[in-house]
Structures are given as C-alpha cells and as structure tokens.
Amino acid sequence: MAFYPKSMLTLVTEAVLENDLVELFNERKIRGWTIVAARGKGAHGEKRGNFDANENIQIELITDTASAEALAEEIMQRFGEHFALVQWLSEVRVLRGEKF
Amino acid sequence: MQIDPVVLFFLLGLAAGLAKSDLKLPSALYDTLSVFLLLAIGIKGGLALAKQPIMDVLPQAMLVLLMGAIIPLLLYPLLRIRLSQVDAASIAAHYGSTSVVTFAVCVAYLSRLNISYESQTTLFLVLLEMPALVVGVILSRLKGSAAGAAKQAGHGWGKLLHEVLLGKSVVLLIGGLLIGLIAGPQGIQPLDRMYLDLFKPVLTLFLLEMGLVVAGKFGILRQHGALVLAIGVGVPLALSWIGIGFGLMMGLSPGGVVLLATLAASASYIAAPAAMRMAVPQANPALSLGAALGVTFPFNLLVGIPVYHQFTMLFF
Amino acid sequence: MQIDPVVLFFLLGLAAGLAKSDLKLPSALYDTLSVFLLLAIGIKGGLALAKQPIMDVLPQAMLVLLMGAIIPLLLYPLLRIRLSQVDAASIAAHYGSTSVVTFAVCVAYLSRLNISYESQTTLFLVLLEMPALVVGVILSRLKGSAAGAAKQAGHGWGKLLHEVLLGKSVVLLIGGLLIGLIAGPQGIQPLDRMYLDLFKPVLTLFLLEMGLVVAGKFGILRQHGALVLAIGVGVPLALSWIGIGFGLMMGLSPGGVVLLATLAASASYIAAPAAMRMAVPQANPALSLGAALGVTFPFNLLVGIPVYHQFTMLFF
Amino acid sequence: MQIDPVVLFFLLGLAAGLAKSDLKLPSALYDTLSVFLLLAIGIKGGLALAKQPIMDVLPQAMLVLLMGAIIPLLLYPLLRIRLSQVDAASIAAHYGSTSVVTFAVCVAYLSRLNISYESQTTLFLVLLEMPALVVGVILSRLKGSAAGAAKQAGHGWGKLLHEVLLGKSVVLLIGGLLIGLIAGPQGIQPLDRMYLDLFKPVLTLFLLEMGLVVAGKFGILRQHGALVLAIGVGVPLALSWIGIGFGLMMGLSPGGVVLLATLAASASYIAAPAAMRMAVPQANPALSLGAALGVTFPFNLLVGIPVYHQFTMLFF
Amino acid sequence: MAFYPKSMLTLVTEAVLENDLVELFNERKIRGWTIVAARGKGAHGEKRGNFDANENIQIELITDTASAEALAEEIMQRFGEHFALVQWLSEVRVLRGEKF
Amino acid sequence: MAFYPKSMLTLVTEAVLENDLVELFNERKIRGWTIVAARGKGAHGEKRGNFDANENIQIELITDTASAEALAEEIMQRFGEHFALVQWLSEVRVLRGEKF
C-alpha cells in the first residue's frame, strides 16, 4: 500500500465557533475532520472548559496543502482578530489518498 | 444577618479556589446541574402559569418584558461614559438578562424568613432571560463599525437571533415552562422528587462550582480593577431600584418586589456571554464576565439580596 | 389521548434538536442515566422474581425467551425481500431485543390510566435483551460471505458471544436482577430513594437527550427515506401482535399484554448496535439506527403504545 | 453472615471487570460521586459536632489525631523489613489515612444489625484524613536520598504541605464539616433530600465503579503477588487492634469501637495516592494502590468489618 | 540530550474497536500509545460521541517508521473496509529513543 | 499571508503534574499551550483516567525549536525518571509567527 503526502490543519479555538467552522468546512467541500475537547492558555487568557463560555475545541483536518493553507487564511481573516484562535499546519502521510 | 446554608457552599468553593486547592468539579457536572436548574425553574414557572387565569398575569408579564428591554437601554449610555460601544452593549445585555442561581438564592432567603411571594415571579425570570439579549444585539448593530466584526465572522442578523432565541437557557426555560403548563400539577407531581425536592440540594453543588469559577475570575479584577468593581457593585444597586419600581407598579407583595429587584440587579452568565460573543466579538469578555460573575454574582449573594430587601421595606 | 409528561421532555429535545438549538447534554450524563435506568430496571425485575415462587414464573420466562428468539427469525426473511443479508440480520436483531426506555414509558402510560400489570413483566424485559442478539449473530454467520467481514476484523464466535453476553446493558440488567433477588425488598428499601423514587424524573432527562439524538437521526430519513420509514412503522405494528399473542398464551392481564406487546414492538438501541457492529460490520448502521431510533422509538412513544393498548382490548 | 446490599454492587463491578465486560462508568461520574460522598460525610461530621459541647469531644478528637499520626510511625519500621524507604513511607501514609467508602459500608453494616454508635465517629473520619499524610511526607524526607526525587521535581515542603492540606478530599471533608457546624440541623434540613437520603444509593454507584477499578488492579497482584497480598490483608488486621485500643481508651460504645477499628484498618485511595505521588515520586504506586485498593478495600468490605466486630465483642 | 527520529501513527476510528486495537498493539509488541475521546465527520457520517454507538477515539502511537507503516496497513486491511477509520503518519523526534 | 516554521512539543504525562508544568511554562515565558484529557499505556502501565491518581493529560505547545528542545530536556530531567512521561517534537507552520 502507498502512503500519500497531505497537510493537516489543526485549529484550537473557542467552542462557540464550532457551528460556524463546520458550516465553513461544508461550504469549502472539506470531507472530514476530527474534534477534541481542549483547554489551554494563550493571548486571550486561560480557557479551562469549566463553564460554557470558557471552552476550547481542537479541530484536526487533513486535506491537500493548498486547500489547508487557503482554509487557514480564510479562518484567520474571519475569526483571527477577535476570537481566541491558534492554527498550525503539519505534514502527514495517509493511506487511501483519494479520501481527503 | 444569618447566611443561608446554600451560600456557604459558594464560600467553600471560593475559598478552595483562592487557596488554589486542587478541588475541581467535572465540567459535565456543571453542564448537568445547569440543565437541571433551568428545567426545574421553567417547570415551576409553567405550573405557576397553569394555576391562574392567563389574563391576570398578562399585564404583569408585559411589564416584565418591558423592564427587560429598558434596562439595557438605560444602562448603555451610562456605560458609554467609560467604555467603548461594544463593551457597553455587551455589558448592558448581561445586566438586562438575569441569573437563575441568584434568583434561587433569593427564593431561599425569603423562605428562610417566611416571606411569601407571588408564584408568577418564576415566570418573570423566564421572561426576563431574552429581551435584553435582543436589545443588546440591536445596540451592537447600531453603528457600522461595531457591527463589522460580527459581520466579518459571518454572524448576520439571522444567526444572532437564532443564538438568542435558541440558546440552551432560553430553550430549557421556555421548554420547562411549556411542560409545566401542559402537564399541570398532577402531571408533574411524579417528577417532584427530583425537580422540586432536589432543587435546593443541587443548587449547593452548583454554588460550590460557581465559587471555584468566581475565584478564577479574580485575576481579571486585578487587571481591570476599579472599573470592573465599580460596575459590578454599582450597576446592581442601581438596577434594584428599577426592579422595585416595576414591582410596585405591578402591585406585588413585598416578597415579590424583592424578587423582582433581585432579578433586575442580577446579571446573566449563561445565555448572555454566548450570545454576546457572537454579536460583538470585539467586546472584551473579561470585562463583562469579570463584572457579572466576578463581582455582581457574589455581591448579590452575600450583600445585595438583604439590601434589596431593606430598600423594598421602605415602601411597605 | 393525553400525552404523558415524560414524553413532553422527549418532544422538547426533539424540537430543540430540529431547531438546531445549541442545547446539548454532556455524554457523561447520557452514560450515567443509562447505567441508572438499566440497574433500576434490573433491580425491579429481581424484586419481582423474589416475590414469587420461581416455578410459577419459569414457564412464562421460557415463553419470553422463545419470543425473543423467534422475532428475528420471522423478521429476517421478510426483511430479506428488500435488504441484503447483513442488513436484514442486523435489523432483525435490533427489533428482537428491546428498548428499556420505551418499556418505562409504557409503564408510565399504564400507571396513569390505573391499569395494573404483572410484576414479572420487568423480568421479561431483562430476559428479552439477549436472545435476539444471539440469533442475530447466528443469522449473520449463516453464509460465508456475510461472516467474512467480521472474520476479517478478527471477530470470531468467541468475541461476539463475549460482546453479547457481557455488553453493558446485559451486565447491568442481569446484575441488577441478581442484586434485587439476593437483597430482597428489605435490603433494597434503603436504596428506594434513588432507584425507585428518582426513576421517572431521571427518565425525563434521558428522554430529553433521546429527543436530541433522534433529531440528529432525521438526516438519515431524508437519505434512505421510504424504506426506513416503512420498517420503522411497519415492523413494530406487526411485532406488537406477536407480543399480544404470547401475552395471551401466558395468561397475562390486559396491562401485562400491553407491556409484552410494547416489548415486542420496541427495538434496542443500546445493546444491539454495539453487538451488531462487531458481528456484521458490513451492515449499514444508519439503516438499523435510523429505523430503530429515528422512527420506531418516537413512533412507539407517541402513537404505538396507545395503539397496542387498543389492539389488546380486542381480546378482553 | 448476610452481605449488605451495597456490597453487592461492588461485587457486580468486580465481576464485570474481571469478565472484561465493556461496562464502564464515565470518569465525570466517579468525580461527582466522590465530591458528593466527601461533602455529605463532612456535613454529617459537622452536625455531630454542632450537637455536643466542643469540650466533650475535644479529648477524643486529640486521641484520634494521635492515632492517625502513630499508625504510619508504627507501620514504617515494619514495612522497611521488606520494602525500600520510599515505598514504606508511601504505604504507611496510605494506611494511616482512611477510606471514606469503607467507613460508609461499616455504618451500613452496623445499621443493619441495629448497633448504635457515637455520632462523633464521622468527625473522627474527617480528622483521620490528614495527619498520616503529614507524617508520611516527613518520613519520606528523613534521609537525603529519598527526598531527592521530590526535590528534583521541584516539590519542596511548601508544595507538599499545600497538596496535603488543600487536596480535594481534605477540602471537601473540612468544608462540609464547617458547613454542617455553621448551618446546624435546621439549616441543613432542606438539603437532607440529597445529602442524607441519597447517601446510601449513591454509595452503590460508587461501589460499582470501585469494583471495576479493583478488577483492573488485579494485574498488579499477579506481578507483585505475595507481598502485596500479605500487606493488604495483614496490615488492616493488625491496625484494627490499634483502632480497638484507642476506641476502648476513649470509652466508645461497641458500635463506635467497630467504626474506629475500621477507620484504622482502612487505607486511603483518594488523598494519599495524590499526595504521595508528589512527596515520594520514586515510590511505586502499583505497590501502594495494589495493596490499599486491590486487596485491603475488598478485604475490609467482605471480611474485615465483621471480623473487627468479632474482635471488638471480645471486650464487651 | 539527543532527539531520535521516530514515526507517529495516528488513528481516528469507532470506539467499539478499542479492545480489538489494543489487543493488536499488544500482539505486535507496541510499547505505548495514547487515547483521546474524539468526534468528527467523515465518509461514515457524523460521529458526535453523544451516545454509545456513535463515539470516536483518536489513538497516537510512536514507534519506528517501518512498524508504524506495517501496523497502519494491517489495521487498514482488517478494519478499513467496514469501519469509520482514518490514519495518518507523521515524523517526530523523541528523547529516550529506546523507549519506543 | 505567510506561514512561519515553528516546533511543537507534545507531552503525555500524569495529570498530577499539571500544576508543576504550568508553573514551569510561566517561568520559561511560554505564551500558550493546549491541554487535552488522555489515557494510554506505557512503561508505567495503563492509565485509564477512570480515577484520580490514574489520569493522563496531553499538552501541546508551539514555540521556536530551541526553546522547545530546551524545555523538553528540562522536563525530562525534572520528571522523566519517576513519572509517566513521553514527549515528542514535531515541525509545524503557523500564521502570525510573532504570537509564539
């Protein structure tokens, strides 16, 4: 079996944005993603996830590099200024390259 | 002044948090307790409504809705003196809406003193949840610049109204209200073992958690200091008079007036933060949560409620 | 027909889910509530068993086990008309097993109408949990091709039986049964404050969550449309007659027959999905869950139970 | 000997765990239940204290604190025969502290036999939580080498005391105690529906989880075998005599002596593991948890409590 | 201290497979892994983790590249066809290379 | 928009160390991190997270390579010997490089 190079975009952001992001992914025809509950600290202070308005989520999303970069930039522009948001790209190899 | 036992749990949480104890409650518990409290309050409101001819309550309900809309409108220009448009709109919405737990503690306070109150006050709580949020959204949209960030994030009118009308607390309060109304006392009776009998004990666990959360917000006080403190203490004191005014206008009993004063003076920290985060993302949530949760919430629990009681007694 | 209050909570969840409210219950709460309900039902069954000479219940228990095994065998060839072997086997197993919550809602329905029923019906629920799963596994193994995927995944007979016999719901139901049987009414009495008194109120929270879950399954309906709808409504209606038949054979009272009809007509969505995922991974879980949870569950709650009651009354 | 129903839930969890059932309780539930049990016990202790002149309880309280400090000091040299300094110190601290759940099961045991006991025993439980942990920390610091690892990890005296004094269980027990003391029986009464009535039923869920956890610890037994088994059975049997000795010294009733023996014989698995992990990171937690949780906990539940009762009756 | 290059295999799959996978890891003498609760969307629809049969898990597992690739292929073959499953490989550097 | 190369340090360790680690991050002027609840298996046996003393956490922390390596080594030295601990470094690309 062959492994295909892809890019993974990881986002850590406020849980209130989940609906917006999922909508955006659907619009951009992203075919899959994974969400994990997270807490953390950053420029917007501590997010302990101990109550509603204070939760983070971490989203991982594998796609081709160009789409990942474009998506990261769009998310940055829409939400980067006013919401807690950190994004990073990393390189991964996947089986079944056609899935992504 | 003797402190209500439920408030002791808040102090325990506060003390544990400030002492940096490793005590923490799972967030699933917090979520569960708030679902429970909101549903229970909603059901209670529905039962109150079921008990009396709707026409008797309607004028009062209208006045309450009016109060919920007026509070942010009065507060906004005042807050603008020191705050940006977005922060003023956000804080105004927080204080126009209400805190279910503060209400519950006030009910416990009145019960302990054997002061009776109108059963429809629970309905008022449900009604007050939403109008201020709508007004807050409108305020934040008044001028182009403030609406910019929300638009940039794709949060148009439709999304914001959806958030306000279908937020967790509104859904549970209104849902509970309808269930109570439809099922009536006989239908709800088999559920009393939980929604009625366990209300106060469950409140203790919730207050324990709130103490821990508030302790975590004290850092904000250090940062924004005097301003947050002034808002957190001054605003509820001022708003309590509006509540008293409306209460007298409605012809409520002393207990009812104290509850309405407390509702006016309390600030939302469940529905408002989520809705305002969407509507005015530029607003600093540390400011609004710091004031509403870090100052006003403990202030009302420990000092405010008896004070509003004193205020009220000037008129009886 | 007046709706039971517990069902209103289901409708609230359903409405909130369909309106895309941000209301959600923590998954830890769902897990906790299902552990509670399964244990409570198991204990109740054990107490029922403790109350009467085992020899009196044994023949009835045998018939119930038989019914559990027969249902999937009857259903399978019918479903094969339109479905693949694996989907037919999986769905047959889902409908052969039962839904604890549907049973509980039926008990609430009977109580509200003051209709009595045999205490051993709770035991029947426990007994019905498993046989259909075993039959479902066997069916899925009948021909080489269907067994292939499970074998490929390393799920041999041993693993599948382990999954069926030691799944969470079987363990809690049987475990509760044994505890109730050993401890007896005196032993369990100090636990009544929770396992008995809180059963119905806890059920409301569970139904609220089920409403949210079912709303999430409506997308499946749009996809698989008519077929899922036909199965989800047709199968329980047909199976209720089998339940009525067995109930009459056992000489149950009208209330007991309605409960058995409801057990026959209800489909498992806790034990069966997990077991079938292991046994027939090729089967489409959207089909079986869509029918069992998305259609049959609300159908039984809202329409089925009173209808089975009508059916039953034809014989009394 | 008839087994208490609550213990049956432990056995169910144990059986499910050993059979590798997929039953598991969400960790949020475990956390919630332990917060509840600790608070409830603390409150009960506070109410006991509120009922009697503090001067009457003070001498007994002193003796109990002494017992808590003496147990690890007696145990340490004994354990040193076969164990390293760090493991001996850690295990000594575990056994000097107590298990809230074992205490609760002993209370259930006495209630079932209609044996009365002094209300201040609940206070003793609270008092015993901490001293052994302090002694354990001191023991682990006695010689340079043992203190090394903690220092290397940056766990100085300050941090360790913080961990011991402000660990979750100490905060909840002492906090509950103060709440019970301040609020008094009248103040707590509205909370009884939960903290009193639900105590035993909630204990059943906790014991179910403990059964699952203990089953997971049986692997350790296979590894460390005889030694862990010898400690887990031998130490509580020996310590029960110390409890009996102190109980007689204090002039307790038979029931009170049995409870003190059980407290002495039980080992902490909430406060101690966390504190010792910080104080002596080199100690093998598999050893201490294996003995305290894997052996002593089930031993006390199933065998120990009745045996300590027998021991006690030699003196009455 | 030196950092050693290793490969990390990450799997996102249905929670019902956890026992099977842990068994497989033990058979293949994998010495460690980390599991996190996850939800997500993919070809098998949305997994919200809000009830039993609908949960995902994410497993991370560091080992040498050859083992990671072999394991990914074996998992793919056993579970890829019928279960919700996404796997990716990424390159990491670890201290204490002998642990993996 | 430009993407800047950074290093991500990921730690999986016992939950009891969370306070210590956060303190260390603050001392070392780390500006952000993300924490996720985890369970797993390693040289210190299985951590199921089903009760207090048995929980893992996974911490992700993006910074420049030198700081990440130095931090990993310091954590290794302080906690590596006696606590369950696995750390790995990976290469990521971020927007807003000045945030990290």
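By written order: A, B, C, D, E and F. Residues from 1 in each chain.
By definition in this document, a contact is a pair of C-beta atoms (placed from the backbone, for glycine too) under 8 Å apart; a residue touches a chain by one contact, two chains touch by 3 or more.
Here the structure is a predicted model, which means the values were calculated and not measured.
Engineer: Kindly list the shared contact partners of subunit B and subunit E, in label order.
Structural biologist: Of all the chains present, those in contact with both subunit B and subunit E are A, C.
Engineer: Which chain has its C-alpha centroid farthest away from the centroid of subunit E?
Structural biologist: Following the centroid criterion, the farthest chain would be B.
Engineer: Farthest chain from subunit D, comparing Cα centres?
Structural biologist: Ranked by distance of C-alpha centres from subunit D, the top chain is A.
Engineer: Whole-Å distance, subunit D centre to subunit E centre, using C-alpha means?
Structural biologist: Distance between chain centres: 39 Å.
Engineer: Centroid of subunit A to centroid of subunit B, CA atoms only: how many Å?
Structural biologist: 34
Engineer: With centres defined as the mean C-alpha position, give me the subunit C-subunit F separation in Å.
Structural biologist: 45
Engineer: Two or more other chains in contact with one residue: find those residues in subunit E.
Structural biologist: Answer for subunit E, listing residues that touch two or more other chains: 36-37, 90-91.
Engineer: So which stretches of subunit C touch two or more other chains?
Structural biologist: Answer for subunit C, listing residues that touch two or more other chains: 22, 24-28, 31, 168, 274.
Engineer: According to the definition already given, which pairs of chains are in contact?
Structural biologist: A-B, A-E, A-F, B-C, B-D, C-D, C-E, D-F, E-F
Engineer: Mind listing the subunit E positions that touch subunit F in their complex?
Structural biologist: Those residues of subunit E that touch subunit F are 1, 3, 6, 8, 22, 25, 31-37, 62, 90-96, 99.
Engineer: Give every residue of subunit F touching subunit E within the complex, in rising order.
Structural biologist: Per the stated touch rule, the residues are 10, 12, 36-43, 56, 58, 69, 72-73, 76, 80, 86-91.
Engineer: Once bound in the complex, which stretches of subunit B touch subunit A?
Structural biologist: Interface residues on the subunit B side: 24-25, 27, 30-31, 34, 149, 152-155, 168, 209, 212-213, 216, 269-270, 273-274, 277-278, 281-282, 285-286, 289.
Engineer: Can you tell me which positions in subunit E touch subunit C when the two form their complex?
Structural biologist: 14, 16, 20, 23-24, 45-46, 48-53, 55, 77-79, 81-83
Engineer: Touching subunit C in the complex: which residues of subunit D?
Structural biologist: Subunit D residues touching subunit C: 3-5, 8-9, 12, 15-16, 19-29, 108, 197-198, 200-202, 204-205, 208.
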